[in-house]
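In this document, chain identifiers A, B, C and D correspond to the written order of the chains, with residue numbering beginning at 1 in each.
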Amino acid sequence: MVDLSVTLGNINLKNPVMTASGTFGYGEEYSDFINIEELGGIIVKGTTATAREGNAYPRMAETPMGMLNAVGLQNKGVDAFVNETWPRIKKYDTNFFVNVSGSTVEEYIETAEKIASINEIPGIELNISCPNVKEGGMAFGTSCPSAIAVTEAVRKVYPGHLMVKLSPNVTDVTEIAKGVEGAGADSVSLINTLLGMAIDAETRKPILSTVTGGLSGPCVKPVALRMVWQVASSVDIPVVGLGGISSARDAIEFLLAGASAIQVGTANFREPDVTANIISGISDYMERHNISEISDITGGLIIEK
Amino acid sequence: MVDLSVTLGNINLKNPVMTASGTFGYGEEYSDFINIEELGGIIVKGTTATAREGNAYPRMAETPMGMLNAVGLQNKGVDAFVNETWPRIKKYDTNFFVNVSGSTVEEYIETAEKIASINEIPGIELNISCPNVKEGGMAFGTSCPSAIAVTEAVRKVYPGHLMVKLSPNVTDVTEIAKGVEGAGADSVSLINTLLGMAIDAETRKPILSTVTGGLSGPCVKPVALRMVWQVASSVDIPVVGLGGISSARDAIEFLLAGASAIQVGTANFREPDVTANIISGISDYMERHNISEISDITGGLIIEK
Amino acid sequence: MPKKFKENFKVIANERQTSEFVVLTLKHPGQLPEMFPGQFAEVRADGAMEAYLRRPLSIHDVDYTNNTLKLLIQDVGPGTHQLSSLQKNDEVNLVYPLGKGYDLPDSDKVLLVGGGCGVAPLLFLGRYLKENGIKPRFLIGARSKSDLVELDAYNRLGEVFVTTEDGSMGTKGFVIHHPVMKTFDPDFEWLYTCGPEAMMKVLAKYSRERNVKCQVSLENTMACGIGACLCCITPTVEGHKCTCIDGPVFDANYLKW
Amino acid sequence: MPKKFKENFKVIANERQTSEFVVLTLKHPGQLPEMFPGQFAEVRADGAMEAYLRRPLSIHDVDYTNNTLKLLIQDVGPGTHQLSSLQKNDEVNLVYPLGKGYDLPDSDKVLLVGGGCGVAPLLFLGRYLKENGIKPRFLIGARSKSDLVELDAYNRLGEVFVTTEDGSMGTKGFVIHHPVMKTFDPDFEWLYTCGPEAMMKVLAKYSRERNVKCQVSLENTMACGIGACLCCITPTVEGHKCTCIDGPVFDANYLKW
């Protein structure tokens, strides 16, 4: 029998398969297609201190084997999450993580503090790569000092598992990963979306209301895999890998590259039951390869010199 | 009648469609499929001061709507280009640009000087984003000071058109674009490949002999388009756009984003005659939209506030 | 909320209507779940390299006896092109039934107005109304006679009015120019519409002015189709709402139009 | 260099051999250009989402009279799966003929050794040798009897020896274990081979030891297939060479094996 469970710092996950923030709602949306309690974890959508309407329509453009989104953190705010959403979803027996987003350090702190009040939520994912933030429009996640500053500030107020989600739009992702590790992160997840753009040649206009947006889906997998490998080779905290995962084979590639767990995002849109197939596919792979624990796959990439 | 010709600084191109370095050999390879004299220009493969064997096999991995390559600048060296290749290809009536690569500033200088001796070659494309170079393994193209240094050095010895090819693996591509503009570049081309990785889950090994490689093809188009738009909005020299272009519609998107000309790379592998279709497709588009000159498309993106 | 499914259907007919339109008849392997007019399916366009995401398509008609449903597809790009090319016995994967459909009217004076592929949900809606004792009337607009599809099917359910932009059939002009719209006030109290946004906006304004109930069906770009991604929003009097779960059918007055 | 073409062929037959292997017969719209055994085509797998690049496939057989060519395809992944599913009358796009094929021997004592889908070019080679007055003999290896395809076709050209790993047909073991390899020295002076690299390396070593000429066909990963990308190199005594234009057929001694 294979054992799919993994530990992420102090948290036990049933298996390494989580769903990525913003792509899986609050889990409920998918409950007609899979038993969401079978998931290792669900990262709920980006939550901010106050309610946000997000960006104007259009917010989505399809691209070769992927998509651009410009949702822009639409959510009802952390109070609505605590008072309305959480009471509704807490019945599900899985790990919910809240993706905490913001425009200022203060906003991150406020949201994290409020989530800390819910004991059953084992951790937060700090989204430091959303656009339209302070500091001259530069996202927190693309500058090492600001990534460290926001992580340190949230660390002070948040006692649970602190996962920091890294941006791929940087020259050296390992520098930022090491920075947030030093600032107290319990794990890092990567990648968030790559900044991209789509144009309608006929109308000569950008397709997204925001001109640029975040690229996700199978098209980004090679970049994500490279960054996960680089980061896993340079930090000691666990790494959660994501970016284009749509099959068990993809998931195993990320584990081999050094991820302790993975997240599935855009692929849920194509196949709402894809995560169930990934979980059973990982189990099949382990049986076929005589591997009894996920930790025997993590970082198991064989590089011949 | 539409006029497809464009100028790139002091150079006249028959049309804005060029082929990308490393994907079109020396042009001859494609002459069974298209009349290569119909191209706006051909950027020949990366040329170095001395012959190089490149990396070990395997050098290629297919990815969703794209590919990773790890060719590693295999070429016979600049002397062989000048003495063997050039005499063979000079008969073709199109603009040949030489993609100049190297590991040290001295090597770039040496190669550029030797190309300068061929009058009929209007320009070089300075490839400052190849791996395995001086300065602690950081490519010239991902650090602004070193990008400026190599551009300045080559500018001193090279009187022709100096196009500098930018790396997309950076936090802020406009900073580097402005840097090389200040250092004397006549134009910039972008993007080179995104750093990626592929793993074979069954063997648990990286697919490429070099572990990581360069990602190209339709999958990178959204990122390339975004960077071309950003750079075109921040420099005054012409911008040559590339990354995933495989149709006239794609090419027009890059022109609208601000490119004066475009290059076609990986798409040549799928359709060896794709450039001919792109040229005629641009012409059709111009007729349909009543546009008489390419310069009326360049930068013509309509952004409503 | 009623249950949603992801299932393979078998193509049992592909009837080409015009160079642009086909009607696909799909057979469910077992018993079709209940569906409502205005709902849609997210259809996977297997084999279309440039269609990673599913394509939203309205339920065009349903036959619970034979467990078949129909899709009316306009070939406008890679996804719809691939789906238009499906042959008998091919399989196609649907996530369905999705979204909130049209409401039953509180009046029996109804007009169903469609344009382009916007006619898709109106056949099912017409049948549903008729089954609920309401006689539907249709007003269908197209560029030209050759773009009008399945008029017979509508005719079997109720009266059909037609406008064409080139005047090749029915009244020349847009749907709003049809005489029936002039005599609207006394005759119709509910207006159901689906089609180009510009057309629906004209009808919404028209209805507002006459205090007529108007339900429109939006076609926003979608990624998930089930309310998870927030890509498909439309501004409403209550803020951004998802077209896929709060719609695609909305009361025109609810929208910020 | 002979001219290369990019052309659509029409599938006129898809003959399934085993669960893994099919033979496609493709008809050229006009007059087939001359091709040589060992050459290949880069075939576009339209409809396979994960196959952006073309797939290199050996010319399995050529019929200049009917202007047809055959491909032997082993279904191992998305591209070959799509191509294996092509039906009569489907179109398929080929860039061909590519690469350097097998040389004519300077002896009439030849053995053609194939394993797995490596048998693909050997049928055409056998026919070509026969037309040039040389009687081919074949040694074909497979895992099991059920993996052996088209033995009849080879039989029509010359004698056929078989090995299977499970002994279900012919000699049990690998090709190198077949008795014909023991008596090789006097009987054969040229060895043509195509198949798994491990098999070809054994044959190369065997030939080197006996001073027998050995030509092998490599299956390196390719992007362009025409010498432009330098992805498909193999180390040779003269440095890196492209499998696609300097090969795929090489003298075993030329390789760094």
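Throughout what follows, a contact is a pair of C-beta atoms (placed from the backbone, for glycine too) under 8 Å apart; a residue touches a chain by one contact, two chains touch by 3 or more.
Composition by chain, UniProt nomenclature: A, B = Dihydroorotate dehydrogenase; C, D = Dihydroorotate dehydrogenase B (NAD(+)), electron transfer subunit.
Bear in mind the structure is a predicted one, so any value in this text is a computation, not a measurement.
K.L.:
How many hops, at fewest, get you from chain A to chain D via touching chains?
P.N.:
Minimal hop count between chain A and chain D: 2.
K.L.:
With centres defined by CA atoms only, which chain is the most remote from chain D?
P.N.:
Result for max centroid distance from chain D is chain C.
K.L.:
How many angstrom between the C-alpha centroids of chain D and chain C?
P.N.:
From the centre of chain C to the centre of chain D is 53 Å.
K.L.:
Calculate how many whole Å lie between the centre of chain A and the centre of chain B, each centre taken as the average of the chain's C-alpha atoms.
P.N.:
Distance between chain centres, rounded to whole Å: 33 Å.
K.L.:
So the centre of each chain is just the mean of its C-alpha atoms; given that, what is the distance between chain A and chain C in Å?
P.N.:
36
K.L.:
What positions in chain C touch 2 or more of the other chains?
P.N.:
Touching at least two other chains: 49, 52.
K.L.:
Give the residues of chain A that touch two or more other chains, as numbers and ranges in rising order.
P.N.:
In chain A, residues 61, 64-66, 217-218 touch at least two other chains, as defined above.
K.L.:
Applying the document's contact rule, which stretches of chain B touch chain D when the two form their complex?
P.N.:
Touching chain D: residues 22-25, 29-30, 32-33, 45, 53-54, 56-62, 64-67, 69, 71, 74, 217-218, 266, 268-273 of chain B.
K.L.:
Quick one: in the complex, what on chain D touches chain B?
P.N.:
3-6, 44, 49-54, 95, 220-235, 239-240
K.L.:
Considering the complex alone, what residue numbers of chain B touch chain A?
P.N.:
61, 63-66, 68, 142-143, 169-171, 194-199, 201, 203-206, 211-212, 215, 217-223, 225-226, 229, 244, 249, 252-253, 256-257, 285, 300-304
K.L.:
Spell out the part of chain D that touches chain C in their complex, as residue ranges.
P.N.:
46-49, 52
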